[in-house]
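Here subunit A shows up in two complexes: once beside subunit B, once beside subunit C.
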Partner chain A sequence: MLFTVNKSPFTAGNLKSCLRYVTKESPILLYEDGVYGAMAGTALEPEMKETLKTNRVYALREDLKARGVANTIEGIQLVDYAGFVDLVAEHNICPWI
Partner chain B sequence: MGEEQYDEEQSTEVQKKFLFVFKRAPHGTIYPYEGLEVILIMAAYDQVISAVFTDDGVYCLKKGQETAAIGVKEFSITFKVLEQYGVEHLYVDKEALSARGMTEADLVTGVEVVDKETIANVIREQDVVLPF
Partner chain C sequence: MKFGILIMDGPYQHQASDSAYHFANAAVAKGHEIAGIFFYNDGVNNTTSLMTPPQDDRHISKRWSDFVQKNGIDAIVCIAAAKRRGITDANLIKGARISGLGQLTELGIKADRLVTFGD
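Up next is the complex of A and B:
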């Protein structure tokens, strides 16, 4: 089950509530404003690092670039649109939007 | 003969598990109401349907909503009858409920208040998850 999050974690509770339900094998994909959750140095970084111990976390490169976010948390994997499509094709989707 | 063919057709149909996730309060946006409408439509297709209420979605189930004065439909009562439409489970996140100062007694009947681990397992076994 791939969880997708597209809201900023600083205005919406989507990412936090998503993290309550992800099980170990479930990857998380951040896109649109969700990619702010992938940025290094935020108040959310400790929780994201904890999540990275058990789950793969992806962020959409195009959305990061559009928002000028170059410094992402170590361990978060960047994917382009083609990678996004691969992930969606490989998993059932749980859109946490 | 015709009936037999019909039965065969039925049995080869793929039944999928659908989960509706309600995360928003009932009257601030149209999402929860639309979610309910989609459940009622889906119920006609003989699929396995459940719903989860978490975050502000738990407010959708609050008893005592009187919406006449704000000019919108009061639809919490409809969740009560979903069982008659073949919707098997309405799960409510216990922590989301208690964070909002409520208990099961504050909700319409026919729901199951469960912990987040139960909801995580429910999510994991779905074919399709639809957020509202």
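Up next is the complex of A and C:
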């Protein structure tokens, strides 16, 4: 199951609750304001790193670029919209909106 | 693979419609089929032909209209949400149709994946 998060973890609780409920090995995709969760050096980084031990985490490159986020947490994979489509084709999707 | 797309937020305020548009384009480019696009709640505002954004900005409703017509995609606008927001056949973009929520269920059944974009 692919979990997608589109809100900043610093304004909404989506990403935090997603990290709490996500099953091991389920990939997580951060897009729109959700990409702020991929930013390196934030208070959320330790939790993201913990998640990366058991889950693959992706962030949408276009949305990172639009927000000027250049430094992402090591281990988070960047995808474009084509990669987004591939992830949805590969997994059932659970939009954590 | 058959994708269904659900759009629940309006244009220019939130990114949902833009994300959905880029996703749909990428899906078509990869050879996937879009079984339908359902506009629900404030998402119906993406289908008004009356919007006239500045020329240097994207024209969201025209972009959807061109996309669904070019690719022969069924674009469905929720009637209850449309009536509340003053969207009727008189100001609906070409290529879209107004219908009931049952069509969303149909889309969910028909598509392999239903992808939701909203706030």
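Observations, loosely collected:
Throughout what follows, the second predicted complex is superposed on the first by the 97 of 97 C-alpha atoms of A that agree within 3 Å, B and C clash if a C-alpha of one lies under 4 Å from a C-alpha of the other, contacts with A are read in each partner's own complex, and residues count from 1 in each chain.
As a convention for this text, contacts are C-beta pairs under 8 Å (C-beta built on N, C-alpha and C of every residue); 3 or more make two chains touch, one makes a residue touch a chain.
All of these numbers come straight from a predicted model, not from anything done at the bench.
When the two complexes are overlaid on subunit A, subunit B and subunit C sit side by side with no clash. When the two complexes are overlaid on their common chain A, residue A:Met1 makes contact with subunit B while staying clear of subunit C.
Once the two complexes are overlaid on the shared chain, A:Glu45 sits clear of subunit B and of subunit C alike.
Once the two complexes are laid over each other on the shared chain, residue contacts for A:Phe84 go to subunit C alone; subunit B is not touched. When the two complexes are overlaid on their common chain A, residue A:Trp96 makes contact with subunit B while staying clear of subunit C. With chain A as the common frame, subunit A serves as the apex of an angle whose CA-centre rays point to subunit B and subunit C; its value is 60 degrees, to a multiple of 10. By the document's definition of touching, of the two partners only subunit C reaches A:Glu62; subunit B does not.
In the superposed model, A:Val22 lies in contact with subunit B only, and not with subunit C. Superposition on the common chain places the nearest Cα atoms of subunit B and subunit C 7 Å from each other. Judged by the document's definition of touching, subunit A residues 92-93, 95, 97 lie at the interface with subunit B and also at the interface with subunit C.
Touching subunit C in their complex are the following residues of subunit A: 6, 31-33, 62-63, 80-82, 84-86, 88-89, 92-93, 95, 97. By the touch criterion given at the top, residues 1, 13-14, 17, 20-23, 26, 92-97 of subunit A touch subunit B in their complex. Contacts from subunit B toward subunit A in the complex involve residues 21, 23, 54-55, 95-96, 116, 119-121, 123-124, 126-131.
Across the interface of their complex, subunit A is touched by residues 1, 3, 15-16, 19, 22-23, 25-27, 29-30, 32, 113-119 of subunit C.
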